[in-house]
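Below is a structure I'd like to ask you about.
Chain naming follows the written order as A, B, C and D, and within any one chain the residues start at number 1.
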Amino acid sequence: MELVKTYELELELQRLRELRQGLEIRIKELEYAEGVITSRSERRIYRNFSDLLVEITKEEAIEHIERMRLALKREIERLRKREKEIMEELAKLRAPRS
Amino acid sequence: MELVKTYELELELQRLRELRQGLEIRIKELEYAEGVITSRSERRIYRNFSDLLVEITKEEAIEHIERMRLALKREIERLRKREKEIMEELAKLRAPRS
Amino acid sequence: MELVKTYELELELQRLRELRQGLEIRIKELEYAEGVITSRSERRIYRNFSDLLVEITKEEAIEHIERMRLALKREIERLRKREKEIMEELAKLRAPRS
Amino acid sequence: MELVKTYELELELQRLRELRQGLEIRIKELEYAEGVITSRSERRIYRNFSDLLVEITKEEAIEHIERMRLALKREIERLRKREKEIMEELAKLRAPRS
């Protein structure tokens, strides 16, 4: 029973880490985009909505990046917290019973 | 045998929920796109077809969003109905036999 | 042993079907794109290459669609053939031994 | 125990191969893009950053392709090396004990 629980927690931990790493990559990409957008003034910018791309202004893009950065950071923090909880549960399961 | 059946139904339920949530996100993105498209008149719009992006007019985009919204809502309704059926099957399997 | 074999073949069959359905959707999208591209002359078109979008002409887009259509159809045919083989193997495994 | 180890290594090998093949496709796409970009001078180019597309110059695109090509080749080399190690481990596990 404890082996199954350990296995499930390890899978969950791995899933959370992959999710978090994906969000960290998205933040880096958006920050890179911000660097490119603010480096010159004459670039067209599009935002992706499902299967449509809609042109947006530089100001709209920067506002979007700021909002996304905050939302992604909050979500990453939430995932890190959950990862920590699972690692503590795993440590307890692996500790020899006294 | 019943444990296996319960497990399979739970997996199926989870799969249906993730599918439905993905469709709900697509509707929200298309509605957001509609807001952006109709807020100003001079935005270029592209539609994604496999690996090609083709420019479309504002009117074509709005028509596409309306059609997609209807199709996605129908599909979400179908998934919700199937989820409800599975939850009823699960409730029966979990109920103590009389 | 035969149960395991049956299970593996069923998984493989499902994987092949999903792959084929994905390719069929890509053909439909490209054909839809062709309809839009040829319906008016003044649309800009981009082709997606990894993380870059490069503008292409209407002629280049139509040539790309024709080439992709042929390649996708060949691949769909190959998958169908493999699906048929697996279904025959499954029929044999499920047949009562004489 | 050895059967489980063999199975895990085979899964890992398959995962590494799929990852590597994905990277090889990305290199081919970027090289194809480079061919298209350098064949004519008047193409607009966009780079994808998460959900934003930002216009970049031909020079920026070529520089990006060169940098990506190097990074992808290094990663492919690393994966090939790890694949080779796993194949050697598998060969040992499968060899009859003397």
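By our rule, a residue touches a chain if its C-beta (ideal position, glycine included) is under 8 Å from a C-beta of that chain, and two chains touch if they have at least 3 such contacts.
Nothing here was measured: the structure is a model prediction, and the numbers come from that model.
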item: Copy-to-copy rotation for subunit C and subunit D - C-alpha atoms, rounded to a multiple of 5°; value: 90
item: Distance from subunit B to subunit A - Cα centre to Cα centre, in angstrom; value: 22
item: Computed distance of Cα centres, subunit D from subunit B, in Å; value: 32
item: Shared interface positions of subunit A, touching two or more other chains; value: 44, 46-47, 53
item: Overall pattern in which the protein chains touch one another (line/ring/star/complete/other); value: ring
item: Chain pairs in mutual contact under the definition given at the outset; value: A-B, A-D, B-C, C-D
item: Contacting residues of subunit C [partner subunit D, same complex]; value: 44, 46-47, 49-56
item: Touching residues on subunit A, where the partner in the complex is subunit D; value: 26, 29-30, 32-33, 36-37, 43-48, 53, 61, 64-65, 68
